[in-house]
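Labels for the chains are A, B, C, D and E, by order of writing; each one numbers its residues from 1.
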Amino acid sequence: GGDKDVPSDPKTETPSGTSGEPKYKKEIIIAIADEFTTIDPMETTAESNQIVQDCTHDLLTDTNLLTMQNEGELVDSWEMIEPDHWRFKLKENVRFHDGTILDVDDVIFTFERGKDKSTTSAYISKIKDFIKVDDLTFEVKLHNGDVDFNYVLAANSLAILSKEAFETMPEEEAVKIGTGPWKFEEFVPGDYVSLVRFEECTLYDVPNTERLVFRMIPEASSRMIALENGEVDAIMSPSPTDYNRLSESSNLKLITETGRGQHFIGFNCSNTNSIVSNPEFRKAIAHAINKEEMVIAAWDGYAQVSTSIMCRDMEYYADIEGIPYDPDKAKEMLKELNAEGITLNLITSDASHRVKMAENFQAQMARYGITVNVEFMQQAALIERLQNDKNTEVFVLSWTPGMNADYMYRNPIHSQGGRSFYANLNNSEIDALIDAAAAEVDTTKRAQMYEELQVRLTTELVPWVPIAQATLTMGADKDVTGLLLHPGLVHQFKTAEKIIN
Amino acid sequence: MSDTILEIKNLKKYFKTKRGMLHAVDGINLTVERGKTLGLVGESGCGKSTVGRTILRLIEPTEGEILFEGKDITKLNRRQLKLVRKDMQLIFQDPYSSLDPRKTVSQIISEPIIANKILKSSQDIHNRVAELMSTVGLAARLFNTYPHELDGGRRQRIGIARALAMEPKFIVCDEPVSALDVSIQAQILNLLKELQAEFKLSYIFITHDLSVVNHFSDDIAVMYLGKIVEKAPAEELFANPLHPYTQALLSAIPIPELGVKKERILIKGEITSPINPPSECRFKKRCNYAHDKCDVHPELVEVSTGHFVACHLVGKQ
Amino acid sequence: MVKEKYTVGELKAFKKRSIASEVWRNYKKSPSAMAGLIVVCLLILVTIAAQVIYDYDTDIVQQDIMNRFKEPSLEHPFGTDHYGRDVMVRVLYGAKYSLSVGIVSVAISCFLGSSLGLIAGYYGGLVENIILRTCEIFMGIPSILLGIAIMSAFGQSLLVLMFAIGLVYVPMFARTARAAVLPVRDQEYIEAAKVSGVSDLRIIFTHVLPNAMSPIIVQVTMGVANGILTASSLSFLGLGVPVPAPEWGAMLSSGREYIRDYSYLTFFPGLAIMITVLAFNLMGDGLRDALDPKLKQ
Amino acid sequence: MKKDLVLNVKNLVVRYETEDGIVKAVNGLNLEIERGKAIGLVGETGAGKTTTALSLLRLIPEPPGVEECGLMELDGLDMLSLTPKELEKVRGKDISMIFQDPMTALNPVFTVGDQIAESIHLHEDVSYTEAQRRAIDMLELVGIPGERASDYPHQFSGGMKQRVVIAIALACRPKLLIADEPTTALDVTIQAQVLELMKNLRKKYQTSLIMITHDLGIVAEICDEVAVMYAGNIVEKGTLEDVFNRTKHPYTEGLFNSIPNIYDRKAMLTPIKGLMPDPTNLPEGCPFHPRCPYMDEDCKKPQTDRAISDTHFVRCSAYDRPGFHINRKEK
Amino acid sequence: MIRYIIKRFLMMIPVLLAVSFVVYFLMDLAPGDIVGMMAPPDATEVEIEMMRKEMGLDGTLPERYFRYMKNLLKGDLGMSLSMKRPVIDIFFERFPATLKLAFGSIIVAMIISIPLGIAAATHHRSWLDGASMVTAMLGLSMPSFWLGLLLIILFSLKLGWLPSGGSDGFLSIILPAITLGAAQAGNLTRITRSSMLEVIRQDYLRTARAKGVSEKKVIYKHALKNALIPIITIFGSTLGNALGGAVAIETVFSWPGVGRLTVSAINSRDMTLATGCIIMFTIFFTLTMLLVDIAYAYVDPRIKAQYSK
């Protein structure tokens, strides 16, 4: 043991002093940007909560971030008997933090609890019948066929809770009980939430780290300074200005992953009072935008320029060419449309990258003689405006779909798809195509359908001009491992650890 | 044949305070003869200024009548009041706070003329101001100065000029000289006397300085805690003070002459609070002659012609 | 006593020395106050000049991504920002926002607040009570939070910002004005005016207001300083003048992410705010001293 | 015969150097006070009475005040050579002062007992409890019940406050007491009480007294000597008899003529014409000459004191003129 | 005195109701609501209505406000819409941090300002006076968040002496307290100076000097106690400002205080939390003012006499 390098901080000493074996830092602190508010998975869908909940609670199925495949987490195997009839088998001997063993009753309890919860009711209402086959096997019958039902179970709010815990403890204690490798320890609001390892964990290896702390530091620069000062071991979303510092530093590293969020400039296609309802105009704008420049302006270059409105890492993504940047063409088209010197009104939220996209869009459009009035508002206000204001013309927004392809289109594009229908495309052909693709069992046919959707939406109808998929980033100490970024934002830190030598 | 310009009947003014009703003026009767001066003396806080202010209806009386040339001004409405006020004016004690520091001498003097639209053209107004300034002995060069550049005597002259601007018949002088030095005080007293003779003015002259009031007034009323305790022609009062308080007051005046050894009557304590005063004689607590009878407040009675006293002791004689 | 007779011509020959010139004479004596005044004048000049010289669309908003993050140099004395825009040009142009927010908001709060304060102070009684209680309620809410709530309620724009800050400081003005009126109300010259037949309204405007003015004037200059600071705080929290307007607080806020490597992005707008606020504060202090001896007389 | 002087001041000059000019408040004033005597210092506003008093305590605020003095001896002690520490020992012990306005002369946040005791504790070698006990004695001496020692000034009326101030001033039995218009702010009846008290206490303590006032009546009542001040100098000084009955200076005459005579209400007042001179711009020579009815060219020359008798002097060059006398009759 | 305190407490009730009214309505005016933010993207209208009801947001504004008021009068601030926990709990979890910061900043402010103000007043018009005033002005004129950023760069980045944020340990409070204290110090210095100048002119100091009290004692015993009176008033509003004004600083220094909580509650349209926090702020502000008044009576017997009547 080179004890000299290691400060005699009790936190860094491992309990067993066996030489030869690697020593692990006892405690890992991760700085998060947003506030953690509750450990109850059914309470919120806020990202910061779900990250912590992912450590303590498990889902029936989950995305394997190494393979990007949907796999069973608590479920050992499943079988689609019919698109509306599925059978699942739970893993054996999965132990909850309170010592009880997972069985189908816990699943029933969890679903029952989630029935009236706004975060979960949408999923649970898909289920017509829940059949307990034995202690570890259950079947579900659905109202409508869903070939991707396994993805539904990966919703973080559907983390399985312990029925016994709810029977023996008060609710606020019982929700802390999960099957994850980490046990909830302490929550100091506004400051930190700490977890300790679950020594009897059967589902995963017992972590080498003893304590995992999520500290809330809202300012990116403060997070970075804290990392550099060694106050924390890893930080979420460092500021793009620090990317270089992180990747070039001798003891820090930058962890990146292309996010599944599609950032785009959207149009209100139904606003017939405005030129934006004309697809030709939208196409012209698509030609006019220099996406590379916008990526620099908004993400300091750390984003992948999108050519299709569909997100890259999704199933059925086809690498289409899209509409290329062509200022001359754009000028020509705009001239034809008599659109020089017009004014557009753009709304977006006050999130930093959106502000920057909007500002850059404004600057770029000025080169074509188009004045863009930008209005920023808080997210809540933006959503309300997008839903209710018929006069909306242009907006900057992003869409982060779940893993399956239907997610990509149904909500924002399908006229009956839900509340995110801000582009108001109202195209029945597209609607039909989305429906057909979702119900198609044949994967090649399905792939074709999704490609057609991509092409038509990206190059013909252009409800959005896709700009980029931002890079998800983390900063961390070089020696910290097990930090997995999730394109869909529920990052996984189950195996975070740091070897010290 | 007496020509009364102002008559006050049973005037009362109570102020509501946190600690109770403050009987500032508690049922007084006074008359002022035309062209004469009524002196009103008393210690600080006994209600002299309150009497003066109520007469001009700067504060509303609680009770009582104020007859000015026969008209009860307590019953007048705003417009009528404005008319009457042209005949009544007020000169204040403090030549500092009674002049607006933001206004020049001419602006101050011309204010009543403009407010009452007595004169219209600025030429006329200036002429009138010039006339008033010379009347009160203010040098022409002060026309455009600000009061804070002037000494107390001149300021008091400005206040007098302002009061004269509306050619009043009657002026309440609320301690017009007590803030001034003796030599200046004498100048102002002389000026007021001259003006009285020239314009046939009637005064109520409020003061706490007995030698001044003696010099200046025809009749003197002595006030104590909201009540008149003695009232008589000046000479009579000084020659023959009857109320124990008046006697004490007179004996307390330091005389700037040697060899006039006089018996000083020292009264105990200080003027008591006028809040919810008991119904006994207001002076009882400090009076050297107090006895059982004094539990009831005595009425003001005429003991000889024009000499009124409110004291059980005197009433008996 | 000899009485001279004066003619009007004679009287007019004596020139009036105005209070303002007196105040100015006192004001001039303080070097710090003069420094404040000069800076404020310069700021106003710069603001006007910047509006004339620079074009909003091309000089202020247009981006030049290739030229981002240029350190301060001769060409760009304050450097360029993350869009390659010249920081100095933006700071100069942005003076307009800070000044106008400061001035307009103070105009709003001064007008509303002083009127309320005057009425409360002059009439007293129930009116005063109601006004004071209302002020108390608004003063109980931390001003920045009230500002945020108003901004959220009415949306983010320059106008709302001015209005929000103006509203937030109304109670302060009301109290200042009332406090200034109280001693004036009891002055004998008010009574003298009443006896002279001057109407209430006229008394308020010709006697009460001019004499209660000094603290209000001081409050106004300090209020401008406060308003600018509050506006920049709100902008910093993302609730002020929306980008791309080069409002200093907003510039600070957007430069904050680059503070490590490009601290000049936050340094210059911050400095600009500081200098402006300092200048107004110095002016306020100078005015206070210059106006004070007059009142003490 | 050498006089037993408790105070001897020669050529006292005090200026206030203000922005509006140099205020010549006191201009070469000489003052001698014999032990046990009470002298009245009379003069109008701005004559420099308070300034003189303060400079005797060496308490002129600097800036703006500038004090120059040829000689200042308090009971033989050279006040000019004392260090600030030594001065603190003298103030309140050997010389003390009562200020004009009792309403503001007491510290509102300390009890009156403490304020009296502080003085005793500072100057006498006693414990604080002892000092407080003696403070209570002092209070009773000035006619205030001892149990009110723990009250605060605002709980007292004006007259009582002035008694407290007197108690503070006399607490250490000073050799010289300066009373700066102690009764101006009080009502006549209260004034009479306070004057009576001062008279008695002075007798009891044998303290010398400088009574500053503008009321000649008060002087007549409690002083042995009078000094009349005008524009920063003493223009006439003498015993009561000297000044009241054998008045010499035109200004003193003017003062007497301005006072309404309580026994003769018909008598016309003859005020001094004009105003006090501007202290930043005093006239040449006799400062009174612009207002003086007897003025001639010589009055514009520097003036010197002129002895009329052993006890009486006047500062007026008119007496150079043969047969000059003022209008006021000697009594 | 007790009666006075009780009276003040009773007077708080209408004030708080009015504050709740103002804030609640302002929040309602704000476009967007929390349901829109929290609902999953594929939620249907029915589900959204369900969420509304679940959160107690159904019904018209007056209905909702009335419901809210009824609970408020019972002393119940309701549940946070976004955190699903009682507002009062959330507030008090965060409040100590804010209080710590506020007091820290006031201590910083007092340590700087009172000696500085006294020095300036006793050396009126000298260079010391000028220098103190310019220092005070600088403190007042610097945007506090900017000062905070500069301090972070210097002390935690360049020198590495102090943590850049967080709230554990004594070290972490130093920078935020200095930042927040600077502006207050500026204000307090000015108040101390002017109040001291006012007192120094008073007659009773002359009386004290004439008694032979040493100059130092005159200033620190006789003058200071009187000068403290206006300083104490300002102390109240300073604490109030510190409570509210810390918002930006809490952000800069990641300080887990209520200011930040309130701002995020407003931004996320969590009406109950925002209103609740502001009400609590107001209560604390009013309580501070009450404490100040009591302290007032303690230093100024005149005021005490007024209260006891």
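Here is the rule we go by: contacts are C-beta pairs under 8 Å (C-beta built on N, C-alpha and C of every residue); 3 or more make two chains touch, one makes a residue touch a chain.
If you're wondering where the values come from, they're calculated on a predicted model, not measured in any experiment.
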Graph distance between subunit B and subunit E, where chains that touch are linked: 2
Name the chain whose C-alpha centroid is farthest from the C-alpha centroid of subunit B. A
Computed over C-alpha atoms, the centroid farthest from that of subunit D is that of chain A
Return the distance between the CA-based centres of subunit A and subunit E, expressed in whole Å. 38
Using mean C-alpha positions as chain centres, tell me how far subunit A is from subunit C in Å, no decimals. 47
Where subunit A and subunit B are represented by their mean Cα positions, the distance between them in whole Å: 88
Report, in whole Å, the distance between the mean C-alpha point of subunit C and the mean C-alpha point of subunit E. 23
Send over the residues of subunit C in touch with two or more other chains. 152, 155, 256, 259-260
Of all residues in subunit A, which are in touch with two or more distinct other chains? 219, 221, 225, 377-378, 381
Two or more partner chains touched - positions in subunit B: 190
Chains touch in the following pairs A-C, A-E, B-C, B-D, C-E, D-E
Which bits of subunit E are touching subunit D when the two form their complex? 125, 202-215, 222, 225-226, 299-302, 305
Residue positions on subunit B within touch of subunit C in the complex are 53, 56, 58, 82, 85-86, 88-90, 92-94, 96-102, 104, 106, 111-112, 115-116, 123, 126-127, 129-131, 133-135, 137, 140-146, 148, 159, 162, 165-166, 190-191, 194
Under the touch definition given earlier, write down the residues of subunit C that touch subunit A in their complex. 57-58, 61-63, 65, 68, 82-83, 152, 155-157, 238, 242-244, 254, 256-262
Contact residues on subunit E for subunit A in the complex? 30-34, 36-44, 47-48, 50-51, 54, 82-85, 90, 93-94, 97, 152, 156-157, 160, 163-168, 251-254, 256-257, 260-261, 264, 267-269
The residues of subunit D that touch subunit B in their complex are 44-45, 157-160, 187-193, 195-196, 214-221, 240-241, 244-245, 254-262, 265, 267-273, 275-276, 331
